[in-house]
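Next come two complexes, and both contain subunit A; in the first it sits with subunit B, in the second with subunit C.
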Partner chain A sequence: MNLMADILLNVTVAFFVGSILLGLQRKVMARIQMRPGPPIIQHMLHTLKFFIKETVFPRTAAMPFYVAITIILCAIWVAAVIIGPVTHGPLLLLFAIFAIHKIVEHNAGSSSGSPYGKLSCVRAVFSAAAELPLFAVLIIVFIQTGTMDLNGIIAYQAEHGALLFTLPLTAMIFIVLIISKSYYYSPLNITLARDIVSGFETEHFGTLRGFIMISEAIAWYMLLWIFLTVFLGALTPIEYLIAMVILTAIVGLINAVTPILNPNHSVMTEVTLAFIGIVGSLLMIFFL
Partner chain B sequence: MDQIFYLIYVLAFVIGSIIGLVLSYKKYTEPFIRKNIDTAALVIAIIGWVLALNFALIPVIPYYISITVGVFLIAMVIGMRPGYGRYETVIGFAVAGIIWILRMVLS
Partner chain C sequence: MDQLKTVSWIIFIVSAAAILYALILNPASWIVYTISLVFIPLFILSLGLISMARGKKEDEEDKIKEPFIGY
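Right after this comes the complex of A and B.
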């Protein structure tokens, strides 16, 4: 298959599967709260709906940045799909994409001029200090395997077994990162917490919101994909799908039963867990 | 090639869910209260789960077509109006699961 077809295929799969998984997360949360919940395809229907809605621009928006930031958000997660499932490129580039995502969250919040967006913008900087160390625990994977290349990590696991069992603390920290990036009522996601309406997305309407929601779906798929590839190795598409469904259900369960933390508590929780993960994993590598 | 089949299954699920949602809203005008089992949905769910999990039982049809049709039918029931289709899905999965286990034990 040529590269362009491969990219198109993987991005389409990432969008559809990510959307269905986010819908599943809402469904799981609803069932725990004794509600029927929305249909599983609700997130996808919402995304498509926004593309046929009128796009309005706030008078306070910083144009053209306000429009461009949504395209950039979409572009970086499409780039993540190219680096991940398509080319199995270096993990360091995926870390860079995650870092850019935090910057985009910050700028999307500030570009609309909305007070909720601005609060989310400040929180994006605040949370970056906590989430980047969480993502950086993947350096532990480098220390263990000697490579940052996804193909190398997969080959290492084929020979030595899944990293989930040799680096359980690192895997746990990555799960915390996944929870912090989940979209519906995450206890740790302070940039989209409900006390600031929809955070940096609050004043993006119509097509622009559609692009943001596409990015959300692809980002969710990619976070799960990175976790599964780095800690379980090469899986078949069906195994990826089953594992993603299980992870999403677990995150839905956690989000449904956990109160939303305030920014200080959220950041301190993440920093503390990142510290435990890094120190604990290093101790396990060098002394066990 | 696996990736293309994977995309086809996902698309079958999405289209099936949308059709199931639209049809069930036409069929049921009230929220899910009475908790009775819809016979038509039950038959669709059983056929769908059996096709998806036990495609090897019908060797004349290529496996990807069986799975695609199966996933489409499963999605039609799972995607029904909130509350509807749950019991039918569980029964369909249980029937297909029992057939799968019997197949594994007997082969």
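Right after this comes the complex of A and C.
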């Protein structure tokens, strides 16, 4: 297939599937809380609605950075689609994208004039310590497979079986990471916690909010895609879809029944779980 | 047509042309990656800025002044 067509197809699939999955997460949460909840396509409807809403640029916003940061957010997730499903490139670059995402959270908050955005910006810096699980997964997978290339990791699993069963604690660390990046009422996502309204997105509304939501749908799809590829190997599109639905439902369940932690507790929880996962995984690699 | 609309149309046309160029002429991979990273986000944003609703000119000042006006 033509490379550009391949990229466009994968970006479109990532957006639609990611949007539906985020809608599903809200539905699961609502059902657990005995509410009917919004329709599953609600996230997509919101995205499209915001996209055509009136947008003005607040006087307090730092222009042009206020707009540019939304473009950067979209660009990094398009890059993730290229590195992931399109080329099966190096895992290291995918993790670099998560690090840049943290910078985007920080700058989106600071470029707006909203006090909520600025508080979220401070929290983005604070929660950088919680990126420890990210590096832990990277290092442990490298120690086990001897490669950071996605094609190499898939080939390793075809020969030795899924990493989910040989490195269960590393998979657990990644699940913590997924929960911390989940969009709706995550107990660990302190930058978007509802006590600061919409966090770094508060002052981005209308078209810019719709644009951010497109990037977030792609981000959610990619997060699940990376987990499935790194820990289960190559799957068929239907298997990817089923596994993504299951993972999203699990995250929805956790988010529905867990209170939102304050920033200190959130970071400490992530770091503690990462520590347990790292030590446990290394013991399993070297002694089992 | 105001300045924002004009700039949005220019970005929209340039990004659509760049994407079509990569689709039809199939250039080297690095050119396709560059076009994807730069012009796909710009295409989406410009589409939004073109299609978004516009409020009354006289109300604009109040909306710009107020920090956190919601969404």
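Some observations on this one:
The rule is short, and it goes like this: the second predicted complex is superposed on the first by the 283 of 288 C-alpha atoms of A that agree within 3 Å, B and C clash if a C-alpha of one lies under 4 Å from a C-alpha of the other, contacts with A are read in each partner's own complex, and residues count from 1 in each chain.
Just so it is clear, a residue touches a chain if its C-beta (ideal position, glycine included) is under 8 Å from a C-beta of that chain, and two chains touch if they have at least 3 such contacts.
This one's a predicted model, so the numbers in the text were calculated from it and none came from an experiment.
After superposition on the shared chain, subunit A has more residues touched by C, the comparison being subunit B against subunit C. Once chain A of one complex is fitted onto chain A of the other, the partner contacts of A:T70 are limited to subunit C, with no touch recorded for subunit B.
Judged by the touch definition given at the top, the superposed model places A:P39 against subunit B, while subunit C stays out of reach. In the superposed model, A:I173 makes contact with neither subunit B nor subunit C.
Residue ranges of subunit B in contact with subunit A, taken from their complex: 2-7, 10-11, 13-14, 17-18, 21, 31-32, 78-79, 81-83. Per the touch definition, subunit A reaches subunit C in the complex via residues 2-5, 7-8, 11, 50-60, 67, 70-71, 74-75, 78-79, 82, 113-116, 197-198, 202-203, 205-211, 214. The part of subunit A that touches subunit B in the complex is made up of residues 1, 6, 9-10, 12-13, 16-17, 20, 36-41, 44-45, 236-238, 241.
By the touch rule above, subunit C contacts subunit A in their complex via residues 19, 22-23, 26, 29, 32-33, 35-38, 40-42, 44-45, 48-49, 51-55, 60, 63-71.
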